[in-house]
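Chains: A, B, C and D, in written order; residue numbering restarts at 1 for each.
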Amino acid sequence: MKKLINRPEDFVRESLIGMAKAHPDLLKVQFEPTFVYRAVAPVPGKVAIVSGGGSGHEPMHAGFVGLGMLDAACPGEVFTSPTPDQMLAAAKQVDGGGGILYIVKNYSGDVMNFEMATELAHAEDLRVLSILIDDDVAVKDSLYTQGRRGVGTTILAEKICGAAAEQGYDLQQIADLCRRVNLHGRSMGVALTSCTVPAKGTPTFELGANEIEMGIGIHGEPGCERMSIKSADEITEILATSIFEDVAYSRTVREWDENKGGFVDVQLTDPEWEKGDRLLAFVNGMGGTPLAELYIIYRKLAELCEQQGWQIVRNLIGSHITSLDMQGCSITLLKLDDEMIRLWDAPVKTASWRWGI
Amino acid sequence: MVTKEQILQWLQQFASAIAQNKEYLTQLDAAIGDADHGINMDRGFQKVANQLSNFAAQDISSILKSVSMTLISSVGGASGPLYGSFFLRASTAVIGKQELSNEDMVSLLQAGLDGVLQRGKAQLSDKTMIDALSPAVTTFTQIIREGKTTTEAIQQATVAAEQGMKATIPMVAKKGRASYLGDRSINRQDPGATSVYLMIQSLSEVLVESLVTSD
Amino acid sequence: MKKLINRPEDFVRESLIGMAKAHPDLLKVQFEPTFVYRAVAPVPGKVAIVSGGGSGHEPMHAGFVGLGMLDAACPGEVFTSPTPDQMLAAAKQVDGGGGILYIVKNYSGDVMNFEMATELAHAEDLRVLSILIDDDVAVKDSLYTQGRRGVGTTILAEKICGAAAEQGYDLQQIADLCRRVNLHGRSMGVALTSCTVPAKGTPTFELGANEIEMGIGIHGEPGCERMSIKSADEITEILATSIFEDVAYSRTVREWDENKGGFVDVQLTDPEWEKGDRLLAFVNGMGGTPLAELYIIYRKLAELCEQQGWQIVRNLIGSHITSLDMQGCSITLLKLDDEMIRLWDAPVKTASWRWGI
Amino acid sequence: MVTKEQILQWLQQFASAIAQNKEYLTQLDAAIGDADHGINMDRGFQKVANQLSNFAAQDISSILKSVSMTLISSVGGASGPLYGSFFLRASTAVIGKQELSNEDMVSLLQAGLDGVLQRGKAQLSDKTMIDALSPAVTTFTQIIREGKTTTEAIQQATVAAEQGMKATIPMVAKKGRASYLGDRSINRQDPGATSVYLMIQSLSEVLVESLVTSD
């Protein structure tokens, strides 16, 4: 393993210290428990948006802390959900009186830790709602299983909800908006190489010189199918077709019910897309893939969307949700409406995304 | 009677077993998960092991609760809340105790299992730690109910945990990260079930060994 | 070789088509000869800033075409200087009457092709000046040799000159500013792995599992020293110390003389830095290095600058000048003055950098 | 007299030699440059080869100028302007000619060399194409001045080019990408000098072969 690190156990901590030194105007970093929060938080009256998850996906989430996006991010160890005390401390730090929305990716670890944090927060009289992101179409059935993973749609939801919070939406409105974004977003990824977790020191999985792994997640977990290496166009077609052909996905998720004062099961189904729908197309690099290759993918994706009668009205191309040094990419398509477009375009100023300001 | 010292030895023993099997557990997780189960567990249990001497003055319930808090705030991932819930609920089953009767031991393990079930919502055969934990607890309870000794019960429970662990091999995962693999999770042993087996085995070693020494 | 590409010979072309499809509001792409230009170019009266070089360094340069930075970029084949016809066509396309500045990295290929383009442009009565960037302190002596390579300082100069052009500076002023930025910037890089050129299909150089190559350029050309793998802190120290300890570097460069109507030799020397100087610190990823590792490097770099009595007042952390899929990083330090700071902070809106707007 | 057909054959022959040695030239460049010299030269000379039939109606000077323009606009890198300058200046030395005397050949090669020198500013022993080109042109000129035949001159020039190419091996590079390596450029043969040797050798093959056939 060759990496620009010191001791593997200091990887997350030292990277965060670097962020704190680099962006004192945007964010502050707190240790024990660890979280990153907006320099000016709490913003009085504003709903606070908090996310978190394992590290190794940078810039997600700490790179998105700032104006118009996240109020706090809770980084776990590499590929390991953060712990409830981090999430609780972050919520307390950024609570401006408008309540807190936890945006949670659907992995058992993240779900359980955020559930515990939500319970702890309510026990301390904080107003917290939490919404799950589960947009990875590579995971097929949901009945009786963990269901789909949260991937690319996560950061689109963070941007859109962050803008809504900035514009004065209330907690319930933002939770509803976040759920809607999730139901309208679909993703799928491919790996050309495995990532190497610093603490492990060897690649998580072995891929032959001519093999790729289709349908991977963002933690180096194996995908749904191993196949021989293909051209960029063929790969784009497989990913895009999986997304296009995904039928109305249904699942039961647990959401906090403010009236009941506890978690309840909620049944949700993705709406179907229709020709003429407007999309945000997001081509994401996994960390070890050069930007030029992502544009080659985007070129084919745009072509395929046109053929399908979908209109790409916004796009995002770059390595925004990564899996350490993995080579590969993922595609996320989000069906937009006027409100989402307006919120997507709203100003954002974070370490990684900045526009309109 | 299981003494507080034995509980402390158990935790110490489990921490050592995790440390010894760190790579192995991580390797199992690499195959069907994200290659960190051993790393996660070791991070938490090293912390537990380092704090054990501080816990020694507390009663058993408080010790278990402290262990739970340490795990919840240092393990993360899926195993953090699950092991955290195990020890948290176990602690509430033995409040105020300085030593544990056979019935106390049954309550402790049953409560722990319930904690994991409630937190993780997994069922038997979902290819999770439940597949080792549930048969172990059921067997322990049953052998105690048959009037046998703690050591007999825990030895049988260890056998049951091991069988349960191995039984995860042919299963299709339904919960946790391995569930994304669908059928490709077949023929792999679940890392969480493996660490649970180590936990039960550690308890057995401590109880059997002290039996030998106290004989 | 595993890459997200189709045929290696289509790599540059297809990536540019992707850019054109993704950013029609910002840029247009022209083929035969190939160049990328600002959607609204020519901007009447404004000096046009044009750069270019081999491809494989994305986002440089095409990712920096837009408001407040480049008017055009000329992408060559991978790691191969573009040709004079590209540079001439780009200059003609974006000339708004204020003249054109070519910003050229000091490689024999780039220098010769841009010199030919400059000669051709003058033959067609375009007003063109050109400034060389040569900031790589890994290259030691300059007498009788090609001299230093142009690396990280290039894009800092592009940003600063782009802002100056936007604010109405004239051609000579911008050329002087560009030269000043170059004289104040110093860089050095390290590779953990070689890159793989698509057309070649195998790594350019072989590095052992425990070796790193210190002082590399951005084309997979070998560096100045091969050493055993080191910690991030040690690597940062080697890179930073080479920059700190660099003494006044002198070289002869060729610049266009408007009075003589031809190229003349100009003798230039880097000014020394003094304690208390204000710096822009740029930690750059080589393409295959995760962002989190760059922050670990920045953490140590900031520490070292503080110890040296230098003040980091601006920073840039990310993969902006890459070498395909190479793992590694480079550090650039630019000594700033008030004017440079003001121009650095000015609005920019390109495919890759955007702030203030 | 060297005919227009021979000039066209030379260009064809050089293009084939480049194609055959594409990997070899690229490999030489990987060691001390950026692994593209064969790729660059082949891109340009494939284009030249494809256009040769279109050029056939022109005079020799125009042919050389067309070759130059094609190289300048398709090779890029260092070799594009250098080979482009070689053929551009060579063309201006033989304006209007349909065939070339020995003196014309001397002028052509001398002018080409001057073009490369002016464009690249390299000197002998800088470890560049000059180290093969300069001795080749000097030798050719000298042998012609001694009153020998074109074929004799070009054969001697090829030997000189080969020696010049090999002489780059122990040199420290002063120009081009290899100069960044300093002493580490020692013990490597310069790719540009190698492609120049192929150019001279191709000319020799064409002139000697036509001699054989016309005998």
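Note that in this section a contact is a pair of C-beta atoms (placed from the backbone, for glycine too) under 8 Å apart; a residue touches a chain by one contact, two chains touch by 3 or more.
In this text, all values refer to a predicted model and were calculated from it rather than measured experimentally.
Any chain touching chain A that also touches chain D appears here: C. The chain with its C-alpha centre at the largest distance from the centre of chain B is D. One simple way to say how far apart two chains are is to compare their mean CA positions; for chain A and chain B this gives 32 Å. For the pair chain B and chain D, the distance between C-alpha centroids works out to 76 Å.
Counting partner chains per residue, chain C shows two or more touched chains at no residue at all. Contacts with at least two other chains are made by no residue of chain D.
Listed in rising order, the residues of chain D touching chain C in the complex are 26, 30-36, 39-40, 43, 72-82, 84, 119-120, 123, 126, 173-177, 179-182, 184. Contacts from chain C toward chain D in the complex involve residues 33, 54, 76-85, 107-109, 112-113, 115-116, 138-141, 144-146, 149, 197, 199-200, 204-205, 217, 219-222, 224. Across the interface of their complex, chain A is touched by residues 2-6, 11-12, 14-19, 21-22, 55-56, 58-59, 63, 192-193, 209-210, 212, 229, 231-233, 235, 287-299, 302, 315, 317, 319, 322, 324-325, 327-329, 352, 354-357 of chain C.
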